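The structures come next, written out as structure tokens.
Two complexes come next, and they have one chain in common, subunit A, joined by subunit B in the first and subunit C in the second.
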Partner chain A sequence: MMAESFVKSATKPSLESLIRLLALLAGVALLVVGLLFPLLTMLIKSLQDRAGDFIGLANFAHYFQTPTLVNSIANSLRVALMTTGVVVGLAFLCAYGITRTCMPGKRLFRMLAILPILAPSLLPAISLVYLFGNQGFLRDLLAGQSVYGPIGIVMGMSFWIFPHALMLLTTALTNSDARLYEAADALGTPKWRTFLTITLPGVRYGLISCLFVVFTLAITDFGVPKIIGGQFSVLATDVYRQVVGQQNFQMGAVVSVILLLPAVLSFIVDRWIQRRQVAQLSARAVPWQPSPSPLRDWIFTLLCYTVAGVILLVIGTAVYASLIQFWPYNLSFTLEHYTFQGMADGGWGAWFNSLKLAFSVALVGTLVIFFNAWLIEKSEGYRPLRQGLHFMAMLPMAVPGMVLGLAYIFFFNQAGNPLNWLYSTMVILVLNTLVHFYTVCHLTSVTALKQLDPEFEAVGASLKVPFWTTFSRITLPVSLPAVLDISVYLFVNAMTTVSAVVFLYNSDTRLASVAVLHLDEAGYFASAAAMAVLIFLTSLVVKLLHAVLTHVLLNNAQRWRLVS
Partner chain B sequence: MHTTMTSLLAADTPTVMTPTTSHLTIEAVTKRFGSFTALDGISLTINEGEFVCFLGPSGCGKTTLLRTIAGLAQQTAGTLIQRGEDISSLPPQARDFGIVFQSYALFPNLTVFNNVAYGLRNRRVERSHIHARVNELLALVNLTGSEKKYPAALSGGQQQRVALARALATEPGLLLLDEPLSALDARVRGHLRSQIKALQARLGVTTIMVTHDQEEALTMADRIVVMNHGVIEQVGTPAEIYHQPASAFVASFIGSMNFLEVTAQGDNQALLGTTSCACLSHTLKVGQAAQLAIRPETVALSRQAGALNGEVIGIEFLGPFQRVTLRLTDADQTLIADVPSRDSTDLCLYQGQVLGIHLPAEAARLYPAGSSQQ
Partner chain C sequence: MMPRRLFPSTLLAGAAVALASNAQATELTVYTAVESDDLQKYAERFSAAHPDIDINWVRDSTGVITARLLAEKDNPQADVIWGLAATSLLVLEEEGMLERYAPAGVENLDPKFVDVAYRDGEDPAWVGMDAWVAAICYNTIEGERQGVPMPTSWEALTQPEFEGHVIMPNPNSSGTGYLDVASWLQLWEEDQGWDYMDRLHSNIARYTHSGSAPCSLAATGETVVGVSFAFRGARLKSQGAPIEVIFPEEGLGWDMEAAAIMAGTDKLEAAKTLMDWAISREANELYNEGYAVVAYPGVAQPIDNYPADITDLMIDADFQWAAVNRERVLAEWQRRYDGKTEQ
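For the complex of A and B:
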């Protein structure tokens, strides 16, 4: 009787759950093919010789016996730690200014501070050459030190990583509970002690998380050290040099594995912290509002706008360099560098390719990532599949672009891989970029979905409405702001990224960011600056369109949001 | 479907259902989450047109049972039969029910009209019919005129009624209500309680409501299913549940109840300290430790000393009655008696006063000692 009723109650597959299952399997397949298989292939390659025979750890032994290669580990750690110190320190002060003082022009500052994200990391490096290089107009400030090396790398990285840190710390500092500060005041606590005992502990998770994010971005960055590193080699440039320069794929794989370690480590630490951070702030917390304090407010205004000034200076330098004949000898205005004569096939083709890539990734990526997040968050059953998909969605954050790009070469360029045809097409660039920036989009989707009423799907089902109708009529429109955020994030990153795609383009699919690299390598510095500026402007326009679109949607199609 | 509804609405008298027709039969349903058993062999029959409440403390399994009926949770074992059809393994889409959640889960981006029409749109019903049907439903829940509003612009009680209209739109055979009133403030709750009950009686739709609020269950339900730790403690009408609780748990969960430690005597006697008390007949063995349950409002106090006496150690003024706490003189136990304000003047209640206590036999029930309490 018991056994019989158990058998009877086993779920019969309905059409809807079959479609759900297929969609889940498709999502899993995407990340298995686009992430797991390439990474595994790369790990195997690091244990093989050129002929493809297994040689154990011999490649690693060889690596550690080659001083020029081993030095890069220390170099990478050094610049990454210095960058982390500079960026987190500055970003903390600026975030404090935004959230905890009454400084004027907060909105303007936040807009200016976000600008570096819109540029490829190559742009600050090019600008720094103009500012502090051998012909740079500010080179005296370096007191005889060369910008080509750790100093330039730290400055360049600090520029483009700063917005990431600022956003994280602003969020952390926004979550404050006024009641704690009132209690401290009532007890006659001095300001510095309130800061140490309330403010700092309140942001500790955000701060630690920020430290690791910045460190990972710095140690895995390729663009800045490539342009301004000079003879100073770091892990990311070593991968490029081994693969593109010396065609030594095995050693490239070894360096990639080593580059993977700090990223994976900081990923694990970050996940661990995130888990502890749950519900630190109770729902009853009263947000703290700063009250004016002229001295403090003006100090922070000065600080923030100095930072904003530096950001504008760096971007302005690139724009200026792209518009003059020949620095520093002929300063007359010209648009000649925007014809990209240094490139055989013309630079505008590369820009157009980038645009195609960015739009494709924004469109496909947003839908795929959001829908996969929905499958994970809002469906019943197939628990192992959903958890597996979630785990794989978190993984790309720990994989540096250089590593992912090289892993794609290994996997998709294998003879006998049925997906070999993808190699050197636009499709592989789209897949690679989508996977590369998957995690942040996934987290944004999950956060947005978690805010929805958990019973929407159940209501839909009880009214006999198929899940895809509820998804398209309710879930998607209600999550629209997050969906738009994801798409613009993907667009900007696809526009600006260079690290992974540098291994994957061919003559037909060369991208604008790669073109910056090539123009710079070939000595066309002004054209390189012009291309970097072009990328920046494209991202800026799209970002502004996004802002306008969001505004219009909120006021018209999404009027229901404003009611409450 | 349109005409059926109209004719139902036109009828002033509640639709008469044969009470013996079973709408839903639950047979030995068990649900486990890992090693935790949320439902342990639940068997229950719900009749056509009946209003049933699942009542119990949080974590008792009542919501899990509701979700299992809806197909939103899959039972580990057991069978569900709705109107003769085995629905045990059907997905929610294939079952016949409408549901109102605690959060209402109204679609925030759709107007009230479109929320209610949500399930109709899918059925290729003519546009004019949808329109008529939605208007009819909104009239039914007193929300005519709010068609174009968004849920955020409505009060909690209004949102609740939209959710109800949406659940009823597709004319489900079974209406499931998951704590539908708990998010509302007390005044609105009392009003909606009677509204929902009247609506249910008018439409005659079989309804299951989950609640942890005993007052809600007692006032609305035809039958109450009291649950605890994944099992059914008692099924009965509100009066049965209140006056004839089947277990110490039910006795303690519904209303207030005194529990006195006693020793079972003959088939309708118990020994309280050194005093023998009469009680309803029981099946406990003579000499077995037991607890005697008696409601405070049935305890009678008098200024004359009796077989059982107690000293007043606390008096609470509660408006219509006074709650008197007494310490029994020949046993170290306390007893609560609710004295109507009218009678309390005769007693001239004061602290330290010794009063005679009478425990009416027909209101005193014996349960085994240590049986589950709240």
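For the complex of A and C:
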């Protein structure tokens, strides 16, 4: 049947395959225009002087001769490694608790653990000041150390990166083969030994992949170090200092290139590991079910709920901050900060813009990214195009937001660029946000599509059904849970993103996430906290709707999944 | 017969004209760093005088707006800049991005507030609005609790009792930070200026990226002393922060907020109208609601939290010097203080 359909499509270079080619080209064009060209425009700056003349690697030479700049490399590595250690360590234990123990309240814990993703990065920064600042009610816990510096950076980053690591490790630990554990048990192997020889090797790829994702997120993050980092400079804040403080775009580009290196490196290693992962899971594996063990279960319950408690404490502190008059000197409660008097035309307008952006990105982004992933996974032919598209889809994760934002100005605002009309519209914000968060959505799509039997396409083709009918009637509905995941991920990130869009918004496209930054800068801390809480609540509502929708869908349209 | 038919049609025509003129209201894109809590007021006052021009604001901090303007140089989006540091406008002028124009009545302004080229008979590239003055924010509650006296001079900040209690903006990240450094170098001889900063450095708890942050941190008791600017201090004080805004006796560095037309704007007439209004007496009265020193002589009324003699304290600032020497001064500052910033 397969062979037959191949023959047919080969002998008949139909309109259909032409459309498929055009769709692929459109996908490639989107990422070339939305990612490659802007990045190249930016990177070329690193080889130019201020007048725009080509000067080779002179900027890089200057960079490496400036000790304060080079220092930031070590600083960045230090905080990124510390964050990776803290986050992956905790996330591994919590993921183990979820997948390998019978601790109570797993579902509740998973819901609480996901909360940090819903908040803008300024929220933990504000909370950390209230908790551990010189007036903070927990400052004694730091034993005289200042929160403004590496400690604060590591705490703030750990807060928002933790959910990412937990999701990855939970997935890794879920895939286990009960037969191995039964064998170990039958041979009387001690528990610690089983852990070292079966559990760890089984998750090593997931674990290493998680290490790199966390490291990349930590080293490219700008929001936390800017607010709470004090004068501890890291690469991401150096870009800010060069570009915003000194308007030295060339040196900013140099730092961006250097910032790309560790991210690209970890990305390559991660790809390499992912490729070897494929052979890991055998089709005959039997899922392992934990059996109750009171002591172990209680230890993990205690651990997981301590983590959840910390998360709630940080979020609760921000809510508290938004409700009191003037911290720490006037602690009476008020709702006044939610009127956003520090904003020119009210903060609610910015909030509404953010909603528009988030819905647009979620709608357009989900369709585009999933369709592209489908073209890559489920088409035959045009191999170079499909591989090129896949490579570009993997790239955005390594690009810091601020670099992407500036790159957009340089590229889209060029006088001769035919896409110039996009500049300073909502469209460019949508495109930028879509590209910025492309990678994770792409990976989710690919994973979902890999689970689908290729026979669907083959049968569709042999029945002479055009590919878009197969896509819209079968592939899309069947993959609905993954598609919903992607749209929520895009929505939440569009609500909270700052670093790229701060260079691109316009008078009628001001965003809530940028407003948090402005309010904080202008000394309206409580209003800044209020806006951060508002963004958090909006994302929370959407996330809850998503949970309900997924539940309903799984019960109805996706009943086959439950049966199998 | 005729008049009766004419009547409704003239009405319609009249309505059409009214609609058309409304639709034709010129839209000006204005880039600004004016505090966002003031922006609404600025727009309302202007449109009361000129309802035929609509302002579309793009507002961000001084650094971000300047970076955006420079990045957009090939294809400027702004028609007018209204409310950006003169030192930033000097950079833009050097890049040839400003349109020279002498707003009607520019001769009425204090010459200090007008581009020096005007004195040489050229049209000015920019005109000032108000002065933006360095100041110290001092938290009275924390000062008493931690035994840190209220400083009255820059020199006082180098005394041992201030060790670890002073925060100032990093001049490499913040325009306010550079304003402080440049003013100390101009106030004293350069050697003495660096010597002062050497001594100050050992008392600094940390350098921040934002110019208003030190004052905000003093307001919430995160530090006792924040080197910042007067406007932010006065605002925070009226929000209920337990701070005193202190104007050191040696003299105050300052920059001005200024306005300019972007070269190449296709709305030159409307831009000129805005510039004419931006230097008017009425506009200066508006600026005076937040700033104690404005460009139009005789307008300024004393305002809350500012001393009456503030103009006497403002140093004879040389913006050209500050602009020309910026790269050199910042490099020297980095060499001296940035290397040892990690604890």
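Everything below uses one rule, namely that the second predicted complex is superposed on the first by the 541 of 564 C-alpha atoms of A that agree within 3 Å, B and C clash if a C-alpha of one lies under 4 Å from a C-alpha of the other, contacts with A are read in each partner's own complex, and residues count from 1 in each chain.
Definition applied: a contact is a pair of C-beta atoms (placed from the backbone, for glycine too) under 8 Å apart; a residue touches a chain by one contact, two chains touch by 3 or more.
Keep in mind that what you see is a predicted model, and the values were worked out from it rather than measured.
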Superposed model, subunit A: greater residue contact from subunit B or subunit C: C
Touching partner for A:K226 - first (subunit B), second (subunit C), both, neither: second
Contacts of A:T237 with subunit B and subunit C, given as first, second, both or neither: second
Touching partner for A:E521 - first (subunit B), second (subunit C), both, neither: second
Partner chain(s) touched by A:K464 [first = subunit B, second = subunit C, both, neither]: first
First (subunit B), second (subunit C), both or neither touched by A:Q246: second
Subunit B versus subunit C as contact partner of A:S14, first or second or both or neither: first
First (subunit B), second (subunit C), both or neither touched by A:Y329: second
Contacts of A:V478 with subunit B and subunit C, given as first, second, both or neither: first
Intersection of the subunit A residues that touch subunit B with those that touch subunit C: none
Subunit C contact footprint on subunit A (complex, rising order): 66-68, 71, 75, 129, 133-135, 146, 148-149, 226, 230-233, 237, 240-241, 243-247, 249, 325-330, 341-345, 406, 409-410, 413-415, 420, 423-424, 502-503, 505-508, 518-519, 521-525
Residue ranges of subunit A in contact with subunit B within the complex: 2, 5-6, 8-12, 14, 16-17, 380, 453-456, 458-466, 469, 473-474, 477-478, 558-561, 563-564
Residues on subunit B engaged by subunit A in the complex (per definition of touch): 27-28, 70-72, 74-79, 86, 88-94, 97-99, 101, 103, 105, 107-111, 118-119, 121-123, 149-153, 166-167, 169-170, 172, 176
Parts of subunit C lying in touch with subunit A, wherever the complex brings them together: 29, 35-37, 39-40, 43, 56-61, 63-64, 66-68, 70-72, 74-75, 77, 91, 141, 170, 172-174, 206-210, 212-213, 215-216, 219-223, 232, 235-236, 239-242, 330, 334-335, 338-339, 341-343
